[in-house]
Each structure stands twice: as structure tokens, then as C-alpha cells.
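Each remark here refers to the structure printed beneath this line.
Every chain is named by a letter (A, B, C, D and E) in the order it is written, and numbering of its residues begins at 1.
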Amino acid sequence: MGLELTASNIVKRFGERELFSIEQLQVQEGESLHLSGDNGVGKTTLMKILAGLDKPCAGRINVTPNMKGRWSTSLHPKVIYLHQTPYVFSGSVKDNIAYGLKLKGISRGQIKRTVQSALEWARLEEFADHAAHSLSGGEKQRLALARAWVLTPGLLFLDEPTANLDKQSVDSVTELVRKMVDGGAAVMISSHQTNPLTEVCQRSLLLADGKVSESQFPKEMLFDA
Amino acid sequence: MGLELTASNIVKRFGERELFSIEQLQVQEGESLHLSGDNGVGKTTLMKILAGLDKPCAGRINVTPNMKGRWSTSLHPKVIYLHQTPYVFSGSVKDNIAYGLKLKGISRGQIKRTVQSALEWARLEEFADHAAHSLSGGEKQRLALARAWVLTPGLLFLDEPTANLDKQSVDSVTELVRKMVDGGAAVMISSHQTNPLTEVCQRSLLLADGKVSESQFPKEMLFDA
Amino acid sequence: MQDNLLETSMLSLQLLFSLDAELWDIIGVSFRVSITAILIATLPAILVGFFLAMVDFKGRWMVIALFNALMAVPTVVVGLTLYLLLSRSGPLGDLHLLFTQPAMIIGQVALAFPLLVCMSHSAFQSIDKRAWETARTLGANCFFAVTTIMKEARFALLAAVLAGFGRIISEVGCSMMIGGNIMSYTRNIPTAIALETSKGMFAQGIALGLVLLILALLLNFTLASIRGKGRLV
Amino acid sequence: MQDNLLETSMLSLQLLFSLDAELWDIIGVSFRVSITAILIATLPAILVGFFLAMVDFKGRWMVIALFNALMAVPTVVVGLTLYLLLSRSGPLGDLHLLFTQPAMIIGQVALAFPLLVCMSHSAFQSIDKRAWETARTLGANCFFAVTTIMKEARFALLAAVLAGFGRIISEVGCSMMIGGNIMSYTRNIPTAIALETSKGMFAQGIALGLVLLILALLLNFTLASIRGKGRLV
Amino acid sequence: EEKIIRLATTTSTYNSGLLDKLLPEFEKTHNAKVQVIAVGTGKALRMGQAGDVDVVMTHAPKSEKAFVDGGFGVHPKSVMYNDFVIVGPAEDPAQIQGAADVTKALQAIAATDSQFISRGDDSGTHKKELSLWATTSAGKQFSNYKEVGQGMGKVLQMADELKGYTMTDRGTWLAYESRLQLKLLVEGDKRLFNPYQIIQVNPELHKGLNVEGAKELSDWFVSSKGQQMINDFRINEKALFHGSANPQVVEK
């Protein structure tokens, strides 16, 4: 696999207010990063920009290898961003997990098997045919993770993925991230909490005053309950 | 102030599945409770039922004194529930905070002062006239808290209020809850994390297997990073 | 006289810029009647739409389907039914409403109602359930909560009202039937167009259509600039 | 002749239950033309609506206001304009389309279009921005993402299509003008009603209206049972 | 205060512009306001029957007779007449130009299976046309006979468009002539006579009718002033209507 993302001179403004201005940010294959920072510093905005869902006011983001298909989809097919509060499509839990797979033109049998194992991982088997809208907050979060996981992303942005998860779920997400990173994928996680997941992260980025700084965990910024 | 809530024989089912069945649950003035439990056990559903936003399949909820106005609003005016992911009304941040106050027929000047102090508390002064929709996840959470706080609730249900908050915000929410409880209000908080807020809670409830049990913190169910 | 399209358009424009008193009369009737009708119909229809979106009662889907089907009833049939009611020999004949502007207003209210109900039902359906819950828990009684939800759905509701207005300002069957197309009194733009057309005066018909289009554009531009140039939020 | 409302209703029902071949002819023309027209108009109009909801370009609000205003153009004006285009002496006269069903279809497509654009624009506006982002990040190209959003907005879109269908199945001005109301060929329910009405045969007119209402009800009941009895989600 | 008189009349009469010329004069001298409701003949009589108008003016002798015999209308007065003509394409495939006998002309149209556009709406004109077809041996059973169910002007336009024949009243024909390629082919047969009557709605059946106004209006139409104005009315320098109050028009 092996994706490499380079962002240079990224600036984001909302009206007058400059949210951040980042000179250089690199994410390499097999890396896991923890992005921290106070509410409203722009973690979500930054991750969306890196994932190609939002446009910076200035600067360039480069993902190599560039895997643009014949249909210029403009988004990199191996880069996935997960919302802070995930959006679930109408339809069943199963449909949601199969969404990305169906777009890839994978065989029905293969999709079925993949969806089944994703349901198991997310412990949502019993809800497989329920309307995804009726899931609880944490269940939706797990669904969104499973929905991204089945697509074997090379670069995964997780926006506060564990905020609403119970202990067991956090552990399985941690396990998942560890495996993905071992497999050569890169994962960036934003979180206000320190927990098993953030602890597996190799690099720790702090977004503050519009700048990103690489740092040891500034523990005092986080809970150490 | 002094509200007292008694729930007896509350049962909630979704189709075939019985979510929980609770014989007795009392919340008295000046109490703070931490409701914990795995994803999908029904914390959100239970709190909505207690707050009158959802109907149980069986059982009764009683809040004394019953302050129903002439217009039978059916919801108790002193009981407020805060969503796990808060909904912000279209309009500015200020409008959102003033929402409940305007309904009470308070004078304009008074509303303005109250909104101002709420903005300060939530550290949202600079966003006062911004569209509430454009706030970050944590800022929306703080806005929702401020919006409830200005109404001086007697019984407040907070559904994972700190999931998306940074350390400083958690501290100010903790401070807020402490003050409210001292003033005779009751607060019930659901949370998967242990943090300063959950630690101020006097009682700890665990929802598991469809039953609520009063317990010492079952620390192993929570993160203690 | 003109035969081809270009000449007709030219004549239309000519007519358009020589707005005479008679034309203003017709325009006045059109807008007075239709604006009154839409003002009367909107609130009740929106409330019905809200009720249908929020309250789950047995047979709800049938009511919704009925309103949907009512949109397919030709305006002239509504006109006919009202005619038989309002006619001297009809049950409401004593009101002497036939061939008056109030009768036209009644007809247009009836025409706008189903469309407004259906469109506002669909507008409310797409509003987050949490909006209602938040309003209620913050102390809004049902009445205030409804107004809050209406505010949240305002763009979709505005679109509904504009569609309803478009339906009644342009309809001819009902106005003709119960208005009678009486000059200076119940002749509005669509019935005037029908008259011109029946005379074979196509250019005049199209010119009147253009007048209506231009006035509707003005109205919409005004509304659009109020609602913030089409942007959401 | 019957005078009062009750007798008229009775007669309508009588007529209704003695459906004869001629009536079926008229019903056939109505539904064939209008269903074809709505099928042709829907997809392009929805795409335009989507474009207007999602892409922020200069002058967007003016385009939206224009479509809103076009809803207020009387059907007969659309008919007149097409008439002048399709007439023997008009620019498209060589196609010999005037007074044919294809011409009626063209007219009804033109009539449904603005309403469909406006209503689908408003449907898409109320869809959460995250839906689009989620679809895109999960690998959907723009085309698939649009279909996903259409699925998310399907109830509002269905309501839009039903409103559009209601508009064209019930309109008389355009069909009369470019269809010509020729028996067994271009006579549909609304033009037949107009004819009966002009003859003073009000009962027959209302009966035809009831036929249309009943058929529209059947159609809507079918759709409602497909979409799950009016429930959201 | 001026009183309102409601007059239901046929679209063709209204569209000719005759009433716009006559009524202001009446309104001035009688301090009344005449509201004209222009509809099809059947609808006009139906409105009279329901008591929604005070007076009707139509040109369908048979229906008018039924209307009066049924007790819905009183004091029918012949006001004026004009005539019907048969028009068709300049090529004239049935070779009927100049025919003096309508029956023969129609027969030729049927025999050559030429396009014939019929009002098909039960109007006075339509009824007249049907009665004329009834005088032919073959009748109207030919494939290019089209019933379109529309007003006279629209039918003329369709005939023009489809290069067909049709029968029209002279008033509408004169109003449309200049923008059509059709030619006037047959006129003058006695059976093409087109009489107009004004009939007051029976005041005994309905309350609240403006009986006096209705009487004044119908009296005025047959007065020498009214008749004079009818005879003087011109379109393109051609007379459209001829006063017929004196002598009384005999119904056939």
C-alpha cells in the first residue's frame, strides 16, 4: 500500500478570522498520529482539508501515489475521513456497511462476507437489518468505523472516534488501528481524551494558536483521570 | 426549588426487544448522579423518558411539585434534557441561548444580561453573532449547556456532555454542576469517561442487562487512563 | 397582423410598455385576489402539514395520499363544485357570492390548500426530530414548538408557498367559473389571457403572460433578497 | 336538467360507474401523456435542483427566483408560445407536431419543469451536508454521490414529483392549445371537462373530475404502500 | 347608485366587440352597470336557469325554446341576426366555392373525404352544423370529420392549420379573416340564418334578480336606438349584425 501525504502552507480562514496556517505536515505509511487541541482550534477543519472534503484558502495537499481513476473523482480513493458525529444513510445497518463496497464493483458474495465480518467486529450483528437511524450514539460511531474499515483505507482520519464509545469498543478500535498501521496504513486521530487508542499513537500533534507542533504529550492539556 | 422525580416500573421495548425494565428510580433535590453503561444499553432512551421526551411502554414518572402551567405543556418546565449530540437552532449563537428565556416572557434587558453572562461562561463571546450551525463540535456542546443553564433547571439530564469537550471546558462544566447541585438542583449525567465531572457525582448508577443498579464506581468499566 | 413568433414577441413587448389603466385593473384583481388567498390558506395548511408529519395516527398515510390526489383535480372542477354551492339555486346562494372577488378568493384558497399541505408535510418530514425535542425541553409549549419548527423549515415552507402562489395566480378554470371574468371586477390576468386567446389575439395573450412573469420575478427577487440570496443557513 | 348539488353528485356517480369506451379513451390519453411527460421531466429537473442546491455560483439566487417565477406563468401562455413555435407558419412547423400527443407531452414537460426544479431544490437544501461528504469520502464519485443524496431526499422528491404530476394531469390551457382537444386522440380529462362545462353539462364535468380524483387516489395509495405507509425513515 | 345587471352571452358575441360599443351608451342613459359574463351558449343558459344572471343573449333557437318552455326564461325578444358561412382552404379540394346550396357543399366535402373541423361542443353553431349535416344523404360519417370541442376562433385556427373546412358565424369570421389563409366559400343560403334572442330570467324562480334592469336592457336592445347601433356596428368596414326587432324573427 504505502500512501504518503504532504501538506504545505495550508491556510484556512473563515471571513476575517484565520483559523490556522500550517507550513509543513507530512504523514507517512505505517504512521499513527494523535491530533489534539482545544475546542474550536480547527482539528475537524484541518482533517477535512487533508482528506480533500474541504478546500484550504491557500496551500497544497499532495497524496502519493495519486490514484485518480478515469472518472476524475477528485477525492483520493484510499483516503477516508470519519465525521465527529457520523452520518448514517437511510436504510439498514447492512446497507450502510456495504455502501462503499458496492461502489467498487465487488462480487455480491464477497460483499456479503465482508459485511458479515464487519458486523461481527462492530458487534452489530443483531442490528444488521435494523434502520441505521435508530442506533444509539456509540453504535452509530461503531457503524461508521466498520463502514470505513471494509474499504481498507490507506490513510484514515478519525475525528474523535471514541468520544461516545464504551471501554470494550475503545479496545476494539485500538486493536483495529494497530492492525491497520502494521499493514502499512496511516491513521490520524483527533481526541480530547487519553485512552488506549491515543496511547498507541506514535506521533502526537498539537494544534494551538493556528499552528501545528509536534510534541510529547502535553499531559496537562488532557484528562488523566 | 427542590424537585423530586420518582419513576416506577418503567419498561421500554422496541418491537420484540425489551431494552430495560426498571422497578424504582428516585432522584432527589441536590443530588448528582452518574449513569454509566455500555453502548446501546439504553442510557439515552432512559434519560429521555425521565425527561418526558419519550414515552415508556409501561410505568409512571412523577415529578413533584408538578408545575404544569395553564397551558398544559405536558413537559415539566423545570426539567431539561440535553442531547448527546446537541441540536442548535438556525440563527445566531445569541438567539440560541436566548431561546428559552424569550418563551418565559422575561424583559429584554434581563435577557440580554443573562445571555451575556452565559456567553462568557461558555467562552463563546466572539461567536455571539455567528451562525450557530458553524460552531465546532465542542462549541456546540458548550452552547447547548449554556442554553439550558440560563433556564435554571431543577432537574437536568446531561447525555454525555463532555464527550467532545477539552479539559478547560470539562472543568467549567464541573464547576457549573457543582454550583447547581449546591443550589438544590438535581443533575444526571451519562458518560463513558471518568473525568472531573463524573467524579463530583454523589451517586453512581449502572445500566446493564436492562436493569439499573446503584453501585460504587465499577472502575473496570471505564477508562482510567 | 402578425403571424410569426418574432412579430408576436415584439407586439407583446410593445403592449407591455404601454401599460394602460385597464391592464392595471386586471393586474390589481389578480394580485389582490391571489395574495389574499395565499395569506388565508398558508397557516392552516402548514398546520395540517405539520400535524401529518409529526402525529402518527391510524390512517395518516391515507390522508396524505388524499391530499396528494387532490392536487390532481383540475381547477375547473373545483370551480364547478363551488359554482353549484354558491349559485342562487345552490345551498349557499343566499350569500350572493357568485361572480365576486370573495368567491374567487374562496376558490383559490381551495386550490392552494392541498399543494401547501403536501409540500409543508414534506418540509417538516425532513426536519431533525431533535429540533422538536430541544424546543419542548427548553420550555416551549406545543404552540411555540410548532413556530420554532416552522422557522427551522422556513426555506422549504417558503418554496411551498411560492409553488402554491404560482398555482393560483396562474389558474384560469376556477376564476373563470366563479369569478365570471367580469371586466374591472373579476377579470384577472389568466382569464384575460383566456379571453384574448379565444379572440385569436395571441400576441396580447402572451404579453399578459409576460406581464405576469415579470411581476412574479419582481416578487421573487424581493423575497430572495430578504431570505439572503438563496443561501442556506 | 338537474339543478341542485345533490342531483348533480348522483349523476356524477352514475356516470362514473357506467364507464364507457369513450371515457376510457379520454382517460388513456390523459395518463399516457402526463406519465410520459413526468418521466421525461423528472430526472433533468432534479439534477438542476441538485445543482442549484449544492453549487454556489454567482447569480444562483437569480436562477432560483426565475424558476420560482416560471411557476406563475399560466399554462395557456406556455401553450400559446409552443403553438406559435409548432404552428405551420412557425419555426418548427415542418415537424407537423401541432395537435398531436407528442406536442402535448412537450407542453407538459415544460409545465412540470419549473415546479420540479423548485421543489427538488428545496428538498436537497434540507439534506445534511455530511451526507454528501460521507458518500464522497467512501469512494462515491460525483455521479454516485448524487444518486445517494437523491435516495436520502427521496420522500421530499416523491412529493415534488407528485405535485408536478398533479399540475400537468389537471392542466387544461396548454393541452387545449397545442393538443386541440380532438376526440379519441388529444382529448384528455381536463379538456373534456372544459368542453362539458362550456356546454353547461356541469354534472358530466364534475363526474370526469371525480374519475380523475379516484384514479389519482389509486395511484397515490399504490405509491404510499410502496413507500411504507407515510412513515419517515 | 347604479344598479348592476348581469348579462350572460356567448363568447362569439362578446368577442366581436359589439357589446363594448353598445353597453356604455345604455349604461350612460340608464344609470346601470352591465356585467357581461361571456361563456358558451349551453353554459349561458345554464347560468340563467340557476338564476345567477338577470338576462341572457344567445343564438341557439332550439335551446332557447326549451329554456323558455321550461319556464326558466320570460319575454324572449329577437334582437338581431347574422349568418353562418362555410370557409375552407384556398385549394378547395371539394370544389364548393360559390355553391348556393349548403347541403350540396357538405355532401361534396364528405364525398371527397376532406378535412372538416367541427365545433363539437353543443354550441348554437354546432347544433346548426349538425342540423345541416342531417339534410345530406351520407351525413358526417367520413374519416376526416374532426370534432374538436372548442370555441369558434380556435376552430378557425385549427381549420387553417389543418387546411380543413369549417362552418363559422360571420362575426367571428370577419374578426379572424385577416390572419387566416382560409377563404370564404359558401354563403347566402337561407338555412344559414343565425338569429340572436335576448331573454329575461324568470323572476318568479329566484329571489334577488334585477328584474327591472333586465327588462330595461332587453327593451333597450330592441329600441330604435339600440337597433340603430347594431346596424351601424362595423368591423373592417363590414356590417356584422342586422337588427331584427322589427319585423320579429320567426323561429324555425
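Throughout what follows, a residue touches a chain if its C-beta (ideal position, glycine included) is under 8 Å from a C-beta of that chain, and two chains touch if they have at least 3 such contacts.
Just so you know, these numbers come straight off a predicted model, no measurement behind them.
**Q** Any chance you could name the chains that touch chain D and chain E both?
**A** C
**Q** Comparing centres built from CA atoms, which chain ends up most distant from chain B?
**A** E
**Q** Looking only at C-beta pair counts, which chain-chain interface has the most contacts?
**A** C-D
**Q** Would you mind pulling out the distance in Å between where the CA atoms of chain B average out and where those of chain E do?
**A** Computed from C-alpha means, the inter-chain centre distance equals 79 Å.
**Q** How many angstrom between the C-alpha centroids of chain C and chain A?
**A** Roughly 49 Å separates the two chain centres.
**Q** Could you check chain C for residues that touch two or more other chains and list them?
**A** 3, 89-90, 197
**Q** Could you list which residues of chain A touch at least two other chains?
**A** 85, 134
**Q** By residue number and range, which residues of chain E touch two or more other chains?
**A** In chain E, the residues touching two or more other chains are 50, 151, 154.
**Q** Write out all the pairs of touching chains, ordered by chain label.
**A** A-B, A-D, B-C, C-D, C-E, D-E
**Q** Considering only the defined contacts, which chain C positions touch chain D in the complex?
**A** So the residues of chain C in touch with chain D come to 3-5, 8, 52-53, 56, 60-62, 64-66, 68-77, 80-81, 83-85, 89-91, 114-115, 118-119, 121-123, 125-127, 153, 155-156, 159-160, 162-163, 165-167, 169-173, 177, 189-190, 193-194, 197, 202, 205-206, 208-209, 212-213, 216-217, 219-221, 223-225, 229-232.
**Q** What does chain A use to touch chain D in their complex?
**A** On the chain A side, the touching residues are 48, 51-53, 69, 71, 73-75, 77, 79-81, 83, 85-87, 89-91, 99-100, 103-104, 131, 133-134, 147-148, 151.
**Q** Any idea which chain A residues touch chain B in the complex?
**A** 14, 37-40, 42-44, 84-85, 134-139, 141-142, 160, 163-170, 192-196, 199, 220-225
**Q** In the complex of these two chains, what residues of chain C are touching chain B?
**A** Touch residues, chain C against chain B: 128, 130-131, 133-144, 148, 151-152, 233.
**Q** Spell out the part of chain E that touches chain D in their complex, as residue ranges.
**A** 39-47, 49-50, 70, 120-123, 146-151, 154, 158, 161-162
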